[in-house]
Amino acid sequence: MKKLILSTAVAALAAGTAFAQDDSTVRLGTEGAYPPYNFLNDAGEVDGFERALGDELCTRAELTCEWVTNDWDSIIPNLVSGNYDVIIAGMSITDERDEVIDFSDPYTQPDPSAYVALSDGIDLENSVIAAQAGTIQASHVASMEGATLLEFATPDETIAAIKNGEADAALADKAFLEPIATSDAEVTFVGDDVLLGGGIGLGIRESDAELREQFNEAIQSMKDDGSLNTLIEEWLPGSATF
Amino acid sequence: MFGNCADPGALDGLAWLGCYLTTGKHMSLYGSLGTVLLLLAITAPTALLFGFGGATAARSHVAPLRWFGKTYIAIVRGVPDIAFFLFFVIALDQGFEYIRHHVLCPEWPDTVRQGNDFVVCAQAKLPLGNSPQWVHETYGFLLAVLTFAIVFGAFAGNVLFGAMRAVPRAQLETAEAYGMTRGQVTRRVLIPQMWVYALPGLSNLWMVLIKATPLLFLLGVEDIVYWSRELGGAKQPQFTDYPHPDWRMWYFGALLVFYLCFTKVSEIVMDRLMARLTLGQATAGGEAQRRAGA
Amino acid sequence: MEDCLQTITDYGLRSIGIGERLLPRNDFTLCQQFTLIGSGMIWNIYFGTLALIAGFFLAVAVALGKASANPLIRKPAEWFIFVFRGSPLFIQFFFAYFLFLSLKGSYPIFSPLTSATFGALTVLFLNTAGYSAEIFYGALQSIPKGDTEAADAYGLTGWSKFRRVVYPTMLRLAWPAYTNEAIFLFHSTTLVFFAGFPAFQQKGDALYYARYFADKTFNPFVPYPILAGYFILLTLVIIAIFGWMNGRLNRHLPSATRARLRFRPQLIR
């Protein structure tokens, strides 16, 4: 075993000296499973609001960027261990995440989360609410006094759960639920929207202050000339603009 | 893919299905089938090598080597593979980069661990930051192979360790009586003779390995299960040209058929291999073959 | 230290709904991680033990079915083994969950099956029965001919021949491989909440809590090794229990032969 690791390391060393090391590309990590923020289109490429936004930001900051997808669960550990440089995956700015990584300025307003259910008049305080495991919505439901949290691996399954009666309601990002509620006659919004998190920002390593500044400038310039608002209106209808 | 797929909304029936099943995303699904088979093809011999190393170490007369072999087999076997996959790849990756960092940039002023961050110099990155995407993917794939090999090597080590002990003592004694040294006995008798005892265990391990491939996604490799979930789910298609409801049932059904067929083929191959290895052996199976032939 | 005792009283039984309702949300300590992940092990042990015990009986029946001369019995047994051994567990979970949901729709009596407590247990039970049946079948095939001939000579037939001769010998031969199957089964229990069934009120198994901490602290290098440590302990306990049973099964044999029986490479899993 040792021998194998050693020979791999030697091969890797050889590769390291062979390439020039100048213009490094910035790798953008996303989940690719969170429409309309980011998803894979029919061609299998990253698409969505953040694809358009990320490409524009890179052009403005004059960076060469490349898209990679990573599982949501390990998206932060892989950032801090350097497998990509930026997280652009609909990640809300929260205190606990901010302890581990840095965030750029938000590029959306705090995103409203909403409840969906099969019928109106559900007492949300005392019902079974489905949410995707590991999201801010799941921790919100966990802290609601009378409600019971039912966690699923994917947001798809939370919608399936209210349809088959496992859960009374589902809590998720409003932008994600919007198209479902309009296209699916069974599902309707219930209750009031809740504001969780502090808007969505780019996740960047704490040691990468320079890169963060570059992106902040680019985001600011997009806010100034209104192009960010145009993108938000195009991809996230109904969301607040800047 | 085809020219008439430009406007999927206008199509119906088979034409729609034909276009749907040939989108770029479906091509990735079919491609990932190759990825899985390739991974199995590389992992199996590597794991066998690790297992052989582990078993030999566990039998060694040098105490530290013996402890190493036994600990490796015992610990890795004791841990569920998912738990292992969830942190081991990152650890492996950081380990490689750490070594390279110390070799390539000895005069680097900062520490590697900065708070939560793991920062190595740009030359030590694996793969390099500016290398194309396929290099990153190949590297990720090789890390996955290595992780699989380490995990399944421990199981293979356990099987081979048992198989080495199952070789009839008399055969080894005969070899010693011919004046062979310990090394010669191992090379000329023990290793050739142990396979017939190891094969049933190894073939079952192979079956378990096939069924562990859905965990590949945890290792950052996009495998068939990942693509099936992506394509089957109802969430993403709404935003593409081929909207459809939750079709995971069909995709997973296809996966089920794939895994069952793969298992069947493996069983047939293993049976043939076993028959070949049993030939002339002093086992019940060998005896049965001898009688059938006579 | 006192804090830690408090944590243990608060969270020691959290996985079955006793104690603090809210999981720790910030300032995570090692003690919290050890306690909650340990608490989750209750589920792994619950799933593993019950599925193993129930699966054992089904496995013996299916193994006898596969060895049967009557194709009406043999074919279903062969298919049962093939389907459960031939497909990944997570696909079995997926289909079972959908099946249970639709059953629940038409017959309310099936409603407990959509919870992990009973649904996942059912799947694990069938899964381990499939694997164990193949092991027992292999053992049945390698029972020495002399043993059954001796039974015939004593005039033993039917049930008493099975109970006194065939069954004990089969168990003895299958035991080492069956030990491995038990280890694999306990490992598989981590898949329940990972890919199969929803977690209710944050009551989950050890992997569920390990993921919770990995997700909150963004550091996979603490919770997963803790989980691994618990499982190594569990595996050692399983090996010890099965080793003791192996001694019981072989107690009539002279000790030299007993050692040889420790490894039967007929079938591992």
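As written, the chains take the letters A, B and C, and residue 1 is the first residue of each chain.
To be clear about the criterion, a residue touches a chain if its C-beta (ideal position, glycine included) is under 8 Å from a C-beta of that chain, and two chains touch if they have at least 3 such contacts.
For clarity, every value in this text was computed on a predicted model and none was experimentally measured.
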Selected pair, greater C-beta contact count between B-C and A-C: B-C
Chain closest to the assembly centre - both centres taken as Cα means: B
Averaged-CA centre spacing for the pair subunit B and subunit A, given as whole angstrom: 31
Centre-of-Cα separation between subunit C and subunit A, whole angstrom: 37
Centre-to-centre distance between subunit C and subunit B (centres being mean Cα positions), rounded to whole Å: 23
Where subunit B touches two or more other chains at once, by residue number: 86, 90, 116
Sites on subunit A at which at least two other chains make contact: 74, 77, 80, 100-101
Set of subunit C residues in contact with two or more other chains: 194, 211, 214, 218-220
Residues of subunit C that touch subunit B when the two form their complex: 82-83, 85-91, 94-95, 98, 138, 142, 183-184, 186-188, 190-191, 194, 207, 210-211, 214, 218-221, 224-225, 227-228, 231-232, 234-236, 263, 265-269
List of subunit B residues in touch with subunit A within their complex: 23-25, 27-28, 50, 53, 86, 90, 93-94, 96-97, 99-100, 103-104, 114-120, 122-131, 133, 136, 142, 146, 150, 153, 217-218, 220, 222, 229-230, 233-236, 238-242, 246
Contact set on subunit A toward subunit C in their complex: 73-74, 76-77, 80, 96-97, 100-101, 130, 133-134, 139, 142-143, 148-153, 157, 161, 164, 166
Of subunit B, residues touching subunit C in the complex: 74-75, 77-84, 86-87, 90-91, 116, 159, 162-163, 165-166, 197-201, 204-205, 207-208, 211-214, 225, 248-249, 252, 255-256, 259-260, 263-264, 284
Residue numbers on subunit A that touch subunit B, as the complex places them: 1, 4-5, 8-9, 12-13, 15-16, 19, 21-25, 27, 32-33, 35-36, 39-45, 47-48, 66, 68-71, 74, 77-78, 80-83, 85, 100-101, 154-156, 159-160, 176, 179-180, 183, 205-207
